[in-house]
Amino acid sequence: MVDLQVLARDVHAELNGEADRGKVADYIPELAKVSLNKFGIAIANLDGVCFTAGDADEAFSIQSISKVFALALALGKVGDALWRRVGREPSGSAFNSIIQLEHEKGIPRNPFINAGAIVVSDIILAGHRPREAIGEILRFVRVAANDETVSIDPAVARSEQEHGFRNAALANYMRAFGNIRNSVELTLGVYFHQCAIEMNCVQLAQAGLFLANGGCDPRSGISVVSRERARRISALMLTCGHYDGSGDFAFKVGFPGKSGVGGGILAVVPGKASIAVWSPGLNAQGNSLLGTKALERIAQRTGWSVFGT
Amino acid sequence: MVDLQVLARDVHAELNGEADRGKVADYIPELAKVSLNKFGIAIANLDGVCFTAGDADEAFSIQSISKVFALALALGKVGDALWRRVGREPSGSAFNSIIQLEHEKGIPRNPFINAGAIVVSDIILAGHRPREAIGEILRFVRVAANDETVSIDPAVARSEQEHGFRNAALANYMRAFGNIRNSVELTLGVYFHQCAIEMNCVQLAQAGLFLANGGCDPRSGISVVSRERARRISALMLTCGHYDGSGDFAFKVGFPGKSGVGGGILAVVPGKASIAVWSPGLNAQGNSLLGTKALERIAQRTGWSVFGT
Amino acid sequence: MVDLQVLARDVHAELNGEADRGKVADYIPELAKVSLNKFGIAIANLDGVCFTAGDADEAFSIQSISKVFALALALGKVGDALWRRVGREPSGSAFNSIIQLEHEKGIPRNPFINAGAIVVSDIILAGHRPREAIGEILRFVRVAANDETVSIDPAVARSEQEHGFRNAALANYMRAFGNIRNSVELTLGVYFHQCAIEMNCVQLAQAGLFLANGGCDPRSGISVVSRERARRISALMLTCGHYDGSGDFAFKVGFPGKSGVGGGILAVVPGKASIAVWSPGLNAQGNSLLGTKALERIAQRTGWSVFGT
Amino acid sequence: MVDLQVLARDVHAELNGEADRGKVADYIPELAKVSLNKFGIAIANLDGVCFTAGDADEAFSIQSISKVFALALALGKVGDALWRRVGREPSGSAFNSIIQLEHEKGIPRNPFINAGAIVVSDIILAGHRPREAIGEILRFVRVAANDETVSIDPAVARSEQEHGFRNAALANYMRAFGNIRNSVELTLGVYFHQCAIEMNCVQLAQAGLFLANGGCDPRSGISVVSRERARRISALMLTCGHYDGSGDFAFKVGFPGKSGVGGGILAVVPGKASIAVWSPGLNAQGNSLLGTKALERIAQRTGWSVFGT
């Protein structure tokens, strides 16, 4: 039996000295100014106990990790009807590619690329004002994290909006095919605010526990999603959670994860743990370089793998 | 605890009456003449005991399922050097697409699409005569299946060769980039013979046991591949095993599988079982229609899922 | 020597009874409600004399034909610097495709597909208010047509704006690469108004005379563009003027032309004539079906071809 | 009136000192060993008189320029039925791209990219032995050039065959769609020999005269193709003759041309002249760098342009 506290500290210590830490995302100034030296790890076991190392208490922009929570929320609202508007296949291309949308007539490949997540935002927005939809997403994350202090960084949200031309292209393109149903501006407003949620590794690891625990938060006992839905969201994280590096992540790490350009990764080991890592430098596929390495080592030391025996 | 014999029979009985059974592959006459009514199931537990229903004893052409065994063999020969010539990402396109090869300069996306499997054949062939390479693949499958009677259907191999223009296009294309190193004819000869291996569901389920059991055949005790390699091959099966239906298979079934155009699917439940299903009618993605449904039901009844708790 | 009046009447009479007239563009209601029966021809010789048949006096929405005039205007403003932001190659894809933009980092293939024309609008807008830029385009067309009554249909412009999601996608996408420099809304405002210019065949044929006459309006004697520029704009019309039907148009008709989804085509026979045809039904490539046939017959009867001897 | 002899000499003299001469094609050793310093020009007027400069008498491999003669020959055999198997649109991609073939189910975009020319070879081969088909192509070129000494370089043909994996990929791919009807080996044999035809600038310029002269050889008076066919082949040269640099060539040079990777370009000025230029260094689009510049200068000095007045 691995001591998770020792594990977190050891992995952090081993990797913290690495010179090659990737490249911080620079498409918005708010992300670009985060220090490349940040590196945090939090491992939450199924009792909800959290073991940490490094900058695990420092908040960062969760960015695309929010797509996991938004998907869970949207499935709760519309159920499998969601899959008429979003696919479930790995994309085989970059996170913000628009090519696939032309070939498939406005239906994004999966809910974890930008186009798919924008459709999910559009579903959550339906019949509400943007402020309400954003509030609902934030509430969902707070319940999952069991922490009322989780919040949105308005400067990041504003900056996303000001620089979000590729996302505006995706949204307008899908609107042309009828797959965005609210106004493009309002749907993107929801999407940009969701991406701007700030969390630290501890909050994030705890917010992922329901996925590791059959849909149920082991601390509060609340059923966040059904057991089957928890599995299916996990399956999507494994096949689509790391953009065009998803296959490699499954191969090397072996359990589901979802990365964000802020440098965070939420990983889920069914029946074992929920793990959050954060280091803002990204690799060529846009996933945290140190974060990915940290998860590889955690997998090696623990033997955790959904493909294991 | 589910009674696997009852399970196999029930699932077979429930689905055997289905009118919509998909479409038999017709690109070679040998496959086209197989009856759409065939339907077999075999579930092997980790003691090597096999529970069957329907046409589980009738041999069929395993086609692309052979890619799993060839990959395991090639990894045994050259190790991770293999990954310099083949990727590990889902393809996002059809099994015989050539587009990706142009974008990625002759490196196939993964070893389970045709282009990737042809490179694997080329690796196995290196330094040997085709007859030897084919013999080696066949021996590997016989050892895995614990059955010396597994053989190759020469009529199918010949027919593949006569109609294999798209595969010849793929091989020549990769040869132009230096990613096929033997003569195209010889490498394709190996590939076509490997695809023409005939097995029944019982043999196939037993041949998959080493993947479900940490790399080791539970009957013979022989370590076929290392524990880590078994996990990694399983990870590739989950992310890439069903062509452009892989994400959907992971979502609905929840454990690794590899399909073939002969209508077979080999599925692996780590620590639980190895399952072979066969029904020659294919769905739009080229995977067995009844076979996929059967695996969905088996997953539902048993609760088996790599994402489960 | 062909009698152009007889020619116009004969070709009109021969084709006017055709049952298959294509399909009226229906992406905005204003275009959809135009009668499929409309069919006009105007042939202007280099003396500025116009020979007409059918509905040659009825105004229609020139749509993409306006791209020729906007290009001439923008080249007058910034010269060859324009070609740093727009290519000169046929697109090999549909008029509103976004795929090419991703492959070529926001640089449209040519100024006659939507993306390229939007960049041209952005260039004309630079340093002005939209109203001024629109006024300048309209003035250019009025001078070319020698007719002050040419105007913009505000209902069409408004409707383009309301349904212009694909164009908004293109503009936002190019903005992300820095190839749109004004606000997307303002640039699209200019573009949508330019597309909404209304002209009849007589006006349009006369507006094309400067291209057939070495850059100079033969009636007024005014040099609209230089001789070299007239040739180069004509070359672009030949290679790129009919979207993915440009090669076919060059093959069958043999002189430069530019079509619009309103069903108009402006064709230019250097040293001979400027021709406008209009019939709102479109073929599969989005070009006027009867209009294209009319130009083929005119080419056959006159022997006009830039490839002729 | 320009003195064509002075023109040829001046343009040669002006450009011959250029340091940047592009890059010699190196995919086969026979082409790679040609000196980058070679540079020849031949201009044939409609009387068949030829004005030359530089290395105009030195034979080179005409490569893709042969596609013009093969197309003319094939159209003579099967007429417009050819267009059921080959398109007439610019490709929007590289000369040896295979992507388009997948999107358009084995129908090449035009007869001047490799895939299209291989179909043309297949048409010429139909019902003959390869030796006969090759003989027929060679005879056609000899008649057009009015020169019985034109021949094929067997070393080049052999080398093409040995390194022709991308062409083999194209041919096999089209065979899979039924658009190659003879054996792939035999069709490619014809194609590779056709590409290996050797000519010098004088022979080539004379061989293009029938296109500049309404289909008729002005020296012999023989009608090689009909007037309409001469125009249509010229139209295809203009829209598709320079791969993905065709639009630019039309824009800058303004008359039809066809380039080959051997560094030759055959250009046709209807009613004026046939021009051959040769310099083995290629630009980024695979067209002769000095050759293209020479044609631009010839166009400027003479005012020749199909778009001129």
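Side notes on the structure shown:
A, B, C and D are the chain letters, set down in written order, and residue numbers restart from 1 in every chain.
Basically, a residue touches a chain if its C-beta (ideal position, glycine included) is under 8 Å from a C-beta of that chain, and two chains touch if they have at least 3 such contacts.
This is a predicted model, so every value here is computed, not measured.
Ranked by how far their CA centres sit from the centre of chain A, the chains are topped by D. Annotation, chain C versus chain D: rotation angle of 180 degrees from the Cα superposition, expressed as a multiple of 5. Once the centre of each chain is set as its mean CA position, chain C and chain D turn out to be 32 Å apart.
With centres defined as mean CA coordinates, chain C is found 47 Å away from chain A. Note: centroid distance chain A to chain D, computed from Cα atoms, is 55 Å.
Multi-chain contact residues, meaning those touching two or more other chains, do not occur anywhere in chain C.
Arrangement of the chains shown, judged by which pairs touch: one closed cycle in which each chain has exactly two touching partners.
Every pair of chains meeting the contact definition is listed here: A-B, A-C, B-D, C-D.
Residues 97-99, 101-102, 165-166, 168-170, 172-173, 175-176, 184 of chain C are the ones touching chain A in the complex.
Those residues of chain A that touch chain B in the complex are listed here as 87-93, 100, 109-110, 212-214, 227, 230-232, 234-236, 238-240, 244-248, 250-251, 254, 256, 270-271, 305-309.
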